[in-house]
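Labels A, B, C, D and E are assigned to the chains in the order they are written; within every chain, residues are numbered from 1.
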Amino acid sequence: MDIATILGIISGFGLIVFGIGFGKLGNFIDPQSLAITIGGTLAVMVAGAPGEILKAIPKHMKIAIGGKKYDPKFYIELIVDLAQSARKNGLLSLEARAEEIEDVFLKDSVLLIVDAIDSDKVKQLMEEELNYLDERHARAFGFYELAAGTCPAFGMIGTLIGLVNMLKGLNIEGGGAGDIGPAMSTALITTFYGSLFANVVFFPIANKLKVRHAEEMLCKQMIVEGILSIQSGENPKFIKEKLISYLSEAEKADLAESAQ
Amino acid sequence: MDIATILGIISGFGLIVFGIGFGKLGNFIDPQSLAITIGGTLAVMVAGAPGEILKAIPKHMKIAIGGKKYDPKFYIELIVDLAQSARKNGLLSLEARAEEIEDVFLKDSVLLIVDAIDSDKVKQLMEEELNYLDERHARAFGFYELAAGTCPAFGMIGTLIGLVNMLKGLNIEGGGAGDIGPAMSTALITTFYGSLFANVVFFPIANKLKVRHAEEMLCKQMIVEGILSIQSGENPKFIKEKLISYLSEAEKADLAESAQ
Amino acid sequence: MDIATILGIISGFGLIVFGIGFGKLGNFIDPQSLAITIGGTLAVMVAGAPGEILKAIPKHMKIAIGGKKYDPKFYIELIVDLAQSARKNGLLSLEARAEEIEDVFLKDSVLLIVDAIDSDKVKQLMEEELNYLDERHARAFGFYELAAGTCPAFGMIGTLIGLVNMLKGLNIEGGGAGDIGPAMSTALITTFYGSLFANVVFFPIANKLKVRHAEEMLCKQMIVEGILSIQSGENPKFIKEKLISYLSEAEKADLAESAQ
Amino acid sequence: MDIATILGIISGFGLIVFGIGFGKLGNFIDPQSLAITIGGTLAVMVAGAPGEILKAIPKHMKIAIGGKKYDPKFYIELIVDLAQSARKNGLLSLEARAEEIEDVFLKDSVLLIVDAIDSDKVKQLMEEELNYLDERHARAFGFYELAAGTCPAFGMIGTLIGLVNMLKGLNIEGGGAGDIGPAMSTALITTFYGSLFANVVFFPIANKLKVRHAEEMLCKQMIVEGILSIQSGENPKFIKEKLISYLSEAEKADLAESAQ
Amino acid sequence: MDIATILGIISGFGLIVFGIGFGKLGNFIDPQSLAITIGGTLAVMVAGAPGEILKAIPKHMKIAIGGKKYDPKFYIELIVDLAQSARKNGLLSLEARAEEIEDVFLKDSVLLIVDAIDSDKVKQLMEEELNYLDERHARAFGFYELAAGTCPAFGMIGTLIGLVNMLKGLNIEGGGAGDIGPAMSTALITTFYGSLFANVVFFPIANKLKVRHAEEMLCKQMIVEGILSIQSGENPKFIKEKLISYLSEAEKADLAESAQ
């Protein structure tokens, strides 16, 4: 579980409720406004997005709140361990090891070098797979960023509807000014919803998916580097150093500490 | 038929109508406002866009609402089948097969390798064709995105026209305040139209065309990869694995399932 | 003449006039507002743009309204014809042909291969010239896009001037409210002008110049491809096929039709 | 200490206080508004940002106000000095020198060439490390730029809350107009906070981090260039000239002066 | 002197003054508003920008108003002249010529080929220097573009300050409405200043610096091309043709004319 995402979104909403004041919360509950803003946004997203992404929404939610999954330290250790195996017992010995590997990308990569596929081809295959992964993920972020952009637009459309309806029937000189306040209040609620959902829901999800993607890409790039190094028979110690250079200073320090 | 696009746009409009309230729908029907907003947008699009794109609008509409056409699974099977043919009966045997292929790009590609054109040249020819396809399609999305950006601008111009006309004749002290409401209401309708058409019509079309383009490009890149692999005499099983690596996890699972 | 651009801009203005209503057209004619918005935009453009672009404005206008000049079909035929000449009578025979070619870029390219310049150098020279052309043209679009962005800014500055002047002298309790309407109306006219000229004049011009540029670049890239193919002695039929792959499906069909 | 950053931010706030007027400062202190604007921004940042960046905030602050750390002149002198050592006493002599080098990247690079690693590999290793550094830093700027973008959004949400609450209870004809002023004033404070923190805090921090990053990258690129030149045994004088070409005219003049 | 920049900025301000009306100029002079808008912008720029750029502001101003300095025609003639010298008297003869060359980049480049440095290295050295020049200049434009973006933000902050102060003390029913006009007028002046300085000062400066940079880069790329061609002993006539291909049609015509 990624406490930060859940905590962030909950405390975001909490601060808004605090800003509104508990007693006035009723002013901001308006199902019709919600239908226009969120319903309209969803309708447009359904209209414009690919079916695959709509089906993957539950998976995205799980990723966004599901905690870090790709830990570079884990992969460094695993790859170095595979490199030592390969050094001692030969590349073919990795076939048995591959069985236990859960990460499908790493497993497939290990099997490629076990099959003695030409090094350039292995590299090309792995990099192409990463490119398509990158494109697919970028479309997923793009979906939530688009939702974050569409949501305030429907908020504004809702407010315009409210304003037009109010103004059309307005008769200031006939004493109608008394209705302006509450009517404008209702009209503004859709703008509020649009801004709220964009900033407290859609943008954080898009950002978190980007973070998870960056972690996954880093680990997968390490796998590419590591597998090619194992295939070319490099020294496990040197492979480790190479993979460590992918890390930040803080992670390097962290790794050095946990190694003691 | 792509149910999602049609359903999305219809339910988008439906939610707006619900937000307005059926009884007040008349407040939002104003042919003059529609003429300024949509007419103005179209006028500007005609002025700035290339003739080819204007002529292709009906085709774009058909693509946007016409359902998925490029299915990677279909292409994987077809290419692997061609690869097996080539293996058994030689590259020349593909000439007869090419006749039945409906996809013009695949057909032309097969004929290139039947003609024993040099592999580098085949690659270059196919990739150049994809590049130009990519550029042409990008101009098509760009057209609808531009329309989506121009539409609210004309909405604002319409509102400014309404406001200036109203304010010019305004005589608050002479009792003119009573006309402000209805006049402002009419002025705001163009802003409403601009925002509505941008978000419920033009953006979803642009997005759907992008989705269809991404699907087409993926399949065409698979064709390039597959045709070059067939030409170099690769094992059909290996070609299949290579093409599968273009797919998402979900599609891979899907393919594995349908293979049983 | 490019009917579309002129028709688009004229009907854009026409729709605006229709929106205003003929009788109220006088409300929107205000020379001082025009001076601030358009004058200010021009002043800033003169201040920031390179002299070459300012001098080239009449040329840009001519291009924007002057109709399609670069027709890929014309160039395909011409290049294939040159290729046949070169095949039959040798590369040197192209020297005489070059004299009749109006397109300076094609003419110079033909002379390069007549001079038996090394193929790599020909390619480099032609591609560099295209790169600089691309950069120069991009600066030209950029100029009109910048104008389109600056124009509404001056519109807003004008409106702020009007508002500040009006508010400074306002004495609501002294009965000054009656002047608010007309004064605000005048203040808003600059915003109207800014939005109008940006969307009905500057953006369409920028877009049309981009369209013309894309057509020119396509033809010039065909020339590069064609000239290099002629130099390397390729089969005219094959050159034709290669050049046709640059075209859209519609243009291909068009070409096939006109060939019958 | 980087006087400029601190001075800039302090004088930014000072000018705002001056603009408000000391006597009216109380109008702008509203803890609830602060909670919504800053609290909401932080909540969203926590929700969407990677844990590593949240932990690194104190480090970022130190960098932003901590003065220039990477001085190209220092590195030029150090690298040229190492080059002279290597020339006189051989590459192995650099091992002892490496011990005293504080910059970890330079130290590791020196050890790579002492270990007689192949030149292409050294280059690849160093450049990859720089690429990952670049990506990591870009995520850090991105964090503060995102905060600068989120802050005004929460300011607007706060203002909408204030407006809706005020308008809901408004009864103009019942004499409620007297409360509009102060209530709107409070509602606008969140917009003020959002704009203030974005422009006076988050953007300057993001910009300063970018400046520090550019300085660091320049020095590290000099190290790559220098180390590879030392390894290939180039003349120290020539290495110096090469590194100086990385500098601006002003820095070159500065260096020439200090050399006298 | 670059008349256009000065004339543009002056006539920009002139049109604004004309729009205000001479008699009402006093409405727009408010030192406190100026302190918030311009002072705040400067404070933030000082906080976030690198020291080098702050020091270079006078130099940038000189460049922006100082007229075209890099004339491609001048460089073509000079380079062709050097090429002829080299042809007749050998590369070493250029050493004496280098002494008279004022352009430091050209002079250093000539000395590189006099020193018989390897051609690939000369190319690499010169291109790297251009890359760093490009980056440094981009940071300079970026500074003025950032200022142009920050200025309206401070304008808005100033207006919010004015509005909050006015609204806080507002007592409509107590007869306070009479103060609204002048107070709002003052509040809006900062928005006016922000928009004015962004559009009439900062953006034109940024644009002019970009223009000057493009001119400088063009000439320096010609120098790279020319120097490498001289080193490889190419025909001066051919070098000239190559350099001319960098020019626009208008400049080519211009050059042809002045050659007669």
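A few comments on the model shown:
Keep in mind that, in the parts below, a contact is a pair of C-beta atoms (placed from the backbone, for glycine too) under 8 Å apart; a residue touches a chain by one contact, two chains touch by 3 or more.
On a predicted model such as this, the values are computed, not experimentally measured, just so you know.
Contact with both chain D and chain E is made by no chain of the assembly.
Averaging Cα coordinates per chain places chain B and chain E 40 Å apart. Here the CA centre of chain A is 25 Å from the CA centre of chain D. For chain C, residues touching at least two other chains: there are none. The cyclic arrangement of chains, read from chain B in the direction of chain C, is B, C, E, D, A.
Residues of chain A touching chain D in their complex: 4-9, 11-12, 14-16, 18-21, 24, 27-28, 68, 175, 177-178, 180-182, 184-185, 188-189, 191-192, 195-196, 198-200, 203-208, 211, 214-215, 218, 242, 245-251.
Interface residues of chain A facing chain B in the complex, by the touch rule stated above, are 32-33, 35-36, 39-40, 43-52, 54-56, 104, 125, 128-129, 132, 135-136, 139, 146, 150, 153-154, 156-158, 160-161, 163-174, 176, 190.
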